[in-house]
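Chain naming follows the written order as A, B and C, and within any one chain the residues start at number 1.
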Amino acid sequence: MENKDVKKTQEAKNNVSENTNEKAEQDMYKEMKKRIRNEKRAARKSANKQVNWPVTVLLILGLSTVIFPLYMTVMIAFKQPSEMTNSIKGILSLPKTWSLSNFREAMEVTDFWNSLGNSLIITLATVAISILLHSMLGYVLGRMRAKNKGYKLVYFYIISGMFVPFAILMMPLVKQTSLLHLDNMLGVIILYTVFYMPMNVLLYSGYLTNIPLALEEAAYVDGATTFKTYWSIVFPVMKPMHATVAILTALGTWNDVMTPLVIMSGSKNTLPLAQLSFQTQFGANYNLAFASYLLALLPIVLFYVICQKQILSGVVSGAVK
Amino acid sequence: MEEKNLESMEENKDMLAEEHVSEEETPKKPRRRLDRKQTFMLITIPIVFLFFLFNTLPLLQGVMYSFTNFRGYGDFDWVGLRNYADLFTDVRAGKSYLFTFRLALVATIVTNVLSLALALGLNGKIKFKSTLRGFYFVPNVLGALVVGYIFSYIFTYIVPAFSKLLGGEGVSMLASSKWAWVAIMIVCAWQAIAMNTIIYISGLQTVPEDVYEAGAIDGATGWSSFKHLTFPLILPFFSINLVLCMKNFLMVFDQIVAMTSGGPAQSTESISYLIYKNGMSGGQFGFQSANAVLFFVVIVVISVMQMSFTNKREEQL
Amino acid sequence: MKKKIKKNTALFACVLMLAGLITGCGSTQERYGVTTVTIVQYKREAVSFFDKLEKEFNASHDDIKLKIESPNDAMTILKTRFVREDYPDIIGIGGDMDYSNFVDAGILSDVSDYPGLKSIKQSYIDILEGLEFVPTEGIYGVPYVANAAGVLYNKDMFEEHGWKIPTTWSEFMRLCEEIESQNIQPLYFGFRDTWTCLAPWNALAVSLADADISAQVNRKEATYEEAYDEVADKIAALLPYGQSGPFAYSYNDACIAFANGETAMYTIGSYAVPQIKSVNPDINVDSFVMPASDNAEDNVLNSGIDLQFCITKESPNKEAAYEVLDFLLDHDNMQAYLDDQNAVPCKDEEFSLAKMLSGVKSYIEEDKMADFHDHHYPSEMSVDAMIQTYLIGKDKEAFLKKFDKDWIRYNRDTIRKVEQYEKEHSK
């Protein structure tokens, strides 16, 4: 039974790649279109019937591990410092008045729109450059590392960069960026692009192992250059990975304090940098801080929701192969 | 959801078809084209150079500082191998290695099991899919200050109250040098699950539906379908997640600062915490550079072993 | 597919343009003949005071333009600015190990020729000199304000029950017992935040051990094992009067507990008062000196330099910087700072002090003060964590032995410098 299953899997895999090996012909696409339409109809029927309720309920129950801390966060964000207590009842109680004054003040203290703008520029630029550069490198290394020792070495060289503690790089980088006149936002973006390279290359090249080589060979035989094949075939197929990389990279850059702090030395504020004002040496205004964190949370969650859609619509490319 | 996927699948096919047609119609001019190898070199060299410039070069400087008593600024003296000799006799550093690796190992297992289950659930045929996915993502976004405060509260007030109800002593985990690491582990896992789930979900997208259909014909459902069909296919994502988990947990820092500041009784000092706190805020930049170099070497050795292991498994399947 | 490529090219162009935009922003232009003096100061909580001061200065001075920066995490920013050799003219920092390191690294300029220094209390100049690893010729900072640490108490609670301020250790212990006998929590600790362990430690140590004990140990004339024996005993004796499981609670928890009247006293510095008042603005807080010794005469106030101004060696505007310092040290401006931050002035003049300092006022006036001992501990030695470990495990002998052993390890370079200095100056 077990062997059979594995065999089946491999057969399925082979089928998929064989299909792509065949020269693309108009007829085939028409036929496939029809098949897909039928499948779609069938899928619609079955999707309606088979909502997996036990799993849904379980997931909703599991959500309490997220909702409960989130509830506490929201409550604290609305309360005044004088409403803070050390009792369980106190932390769970609703604020005396529902007022947005904390949010307003938090926005003022952090110079919200300005800091948000800087954070957005840094994050979006980092994500865009990362997707462009890292996917290319991930592609090359994903395809070559098994065949060529040199590329395998490059692969491990890049991946190992993941384990360099930032603290050791910090001082040398401060000096280096200032010598190169990169002690500004551009420098921060370049550094992020380098810092996230190991993780993203790992993700991209890992993803590529599930994408058959035959897919690009077809285009290559047609006379497209490697580069064009990459752009027109491989890059779109990696869409779910682009979305994943975008989320992970954006998340890391969005919340990071140290890099902009030491590289820009306070000349420009990002949101997390501005949020440091809520903590002084001998005290913290948790209420304002929490309000501010909730505000900073919204853009990145929105970004995540958009990217999630991309991951899902990427099923296509995965299934087409 | 399914419907939409299929729809865009059609679009993609159409586009592919069109392109082929247009290329056949316009005859190509003969031109010199870069072969595959050259293109690959052209992509690799500049990017690797960038990486070298902003990662390896400063690292080499850091390695240099590990032979000095540099404090991060000002002048310094060369001290030879003193920092390394100190490191191997430093009880505190030794304890931090033990703590960090124990934490990383347990947190990696917990995180992967839970996030894989979560990914399967969220990828299944469930209601409120987007909302659920959205909420499960939140832990990853909350800043360290919030997470630290909330979980300190939970561990200091709420958990002991519950344990008292159940007849326990009602002592906070964070106050016990035996259990504080478990509290840290829980928070680390809580935050990391979101990210690992995303990666597993995108991995699950590469599993073609027909694999399941083929499996279903053979009667493979539930656990056996997962074990023999799904899991082998998402194995690359499993190894990605293992590496990323190890990376995140071995370099744990924020959670420590936010929750225990290394205590109680120095039982939760992680390696990164020591490197940062003593190297940057303190005046031990040289010594902690040596620590960072050692840490780096240890992790690289471990991950090379780990990766060659998982690669072998991938090849076997 | 082709559309996609175009889209990507467009995206790439956008990124490039963005990059150009970012680098485009350059330096600001300066008016001719005007000297710009930049201050970077680390008291983020005093940002509004310094913003106001900056405006006032610039309104009254034509030849000097003052820029005061109060960035978040200023110490990290200062260190990174030093690395890239971008020195502000004046830095406002605390009197602690960072200062010692800056002096040792040769970053600061000698200000002993600054006339304003004469108005500063000698005890604070001494504290500053004591912070130097090896004695130097010059003076490298102008002490501005100090803080005071001891015991904060809830004045209303004390008046209601008729409790008296203790002046000796046995009185203090009796007071704690009396408070406890009335079912009130005498003390509250936030020992999960390890640094709070240093507050009672310092307050006890200033009265029980020599102020220059670290220097003595560096010269191998004393050991901590002897010097801190009593300190270690007494800090452990405080524990039974605190809440149960003090290592579970944070500094903030303790502040909230004190603010809400859950405890009568709190062994922390005056710096905690703003945080306490944010929770309960009406609380009536006062403080007293930790009565560490049974001889009331021996007890001194634990007070260190909270903010001092140093001029960097690289600053080309020393003259202008002195003028700025004159302005900062002006009586009215200083009083404004004291009112804003509840601080203790380092200047030898009459100032009105915050209400919560009335219990320690006589010590300030009589100049009976000693610096925080931890200002001499290297932060990487983590004495706070060592104290926490000791309070959990109660192994005094191991703790003090480790203290001496670790001290030599972490201060190796300093001790070597001291030895060299001793050799040169012994003849």
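By definition in this document, a contact is a pair of C-beta atoms (placed from the backbone, for glycine too) under 8 Å apart; a residue touches a chain by one contact, two chains touch by 3 or more.
If you're wondering where the values come from, they're calculated on a predicted model, not measured in any experiment.
Using mean Cα coordinates as chain centres, the one most removed from chain B is C.
When every chain is represented by the mean of its C-alpha atoms, the one lying closest to the mean of all protein C-alpha atoms is B. As a whole-number value, the distance joining the C-alpha centres of chain A and chain B reads 12 Å.
With centres taken as mean Cα positions, chain C sits 41 Å from chain A. Averaging Cα coordinates per chain places chain B and chain C 38 Å apart. Shared contact sites, meaning residues of chain B that touch two or more other chains, fall at 16, 19, 72-73, 280.
For chain C, residues that reach two or more other chains under the stated contact definition are 1-2, 76, 83, 253. Taken residue by residue, chain A touches two or more other chains at 86, 170-171, 232, 236, 284, 286, whereas all remaining positions touch fewer.
By the touch criterion given at the top, residues 15-16, 19, 69, 71-75, 77, 86, 152, 155-156, 160, 171-172, 174-175, 177, 260-266, 269, 277-278, 280-284, 287 of chain B touch chain C in their complex. Per the touch definition, chain C reaches chain B in the complex via residues 1-2, 75-76, 79, 82-83, 97, 101-102, 104-107, 192-195, 245-250, 253, 378-380, 382, 385-386, 388-389, 392-393, 409-410, 413. For chain C in complex with chain A, the residues that touch the partner chain are 1-2, 4-5, 8, 11-12, 14-15, 18-19, 22-23, 25, 43-45, 47, 69, 71-73, 76-77, 80-81, 83-84, 86, 252-253, 255-257, 260, 262, 269, 271-272, 274-275, 278-281. Chain A contributes residues 81-82, 84-86, 121, 125, 128-129, 132, 170-171, 174-175, 178, 181, 183-186, 189, 231-232, 235-236, 261-262, 265-266, 273-274, 276-277, 280-286 to its touches with chain C in the complex.
Of all residues in chain B, those touching chain A in their complex are 1-10, 12-14, 16-17, 19-21, 23, 28, 33-36, 39-40, 43-44, 47-48, 50-51, 53-59, 61-62, 65, 72-73, 118, 121-122, 124-128, 130, 132-143, 145-147, 149-151, 153-154, 157-158, 161, 190, 195, 198-199, 201-203, 205-211, 214-215, 218, 220, 224, 228-229, 232-233, 236-237, 239-240, 243-244, 247, 250-251, 271-272, 275-276, 279-280, 285, 288-289, 292-293, 295-296, 299-300, 303-304, 307, 314, 317.
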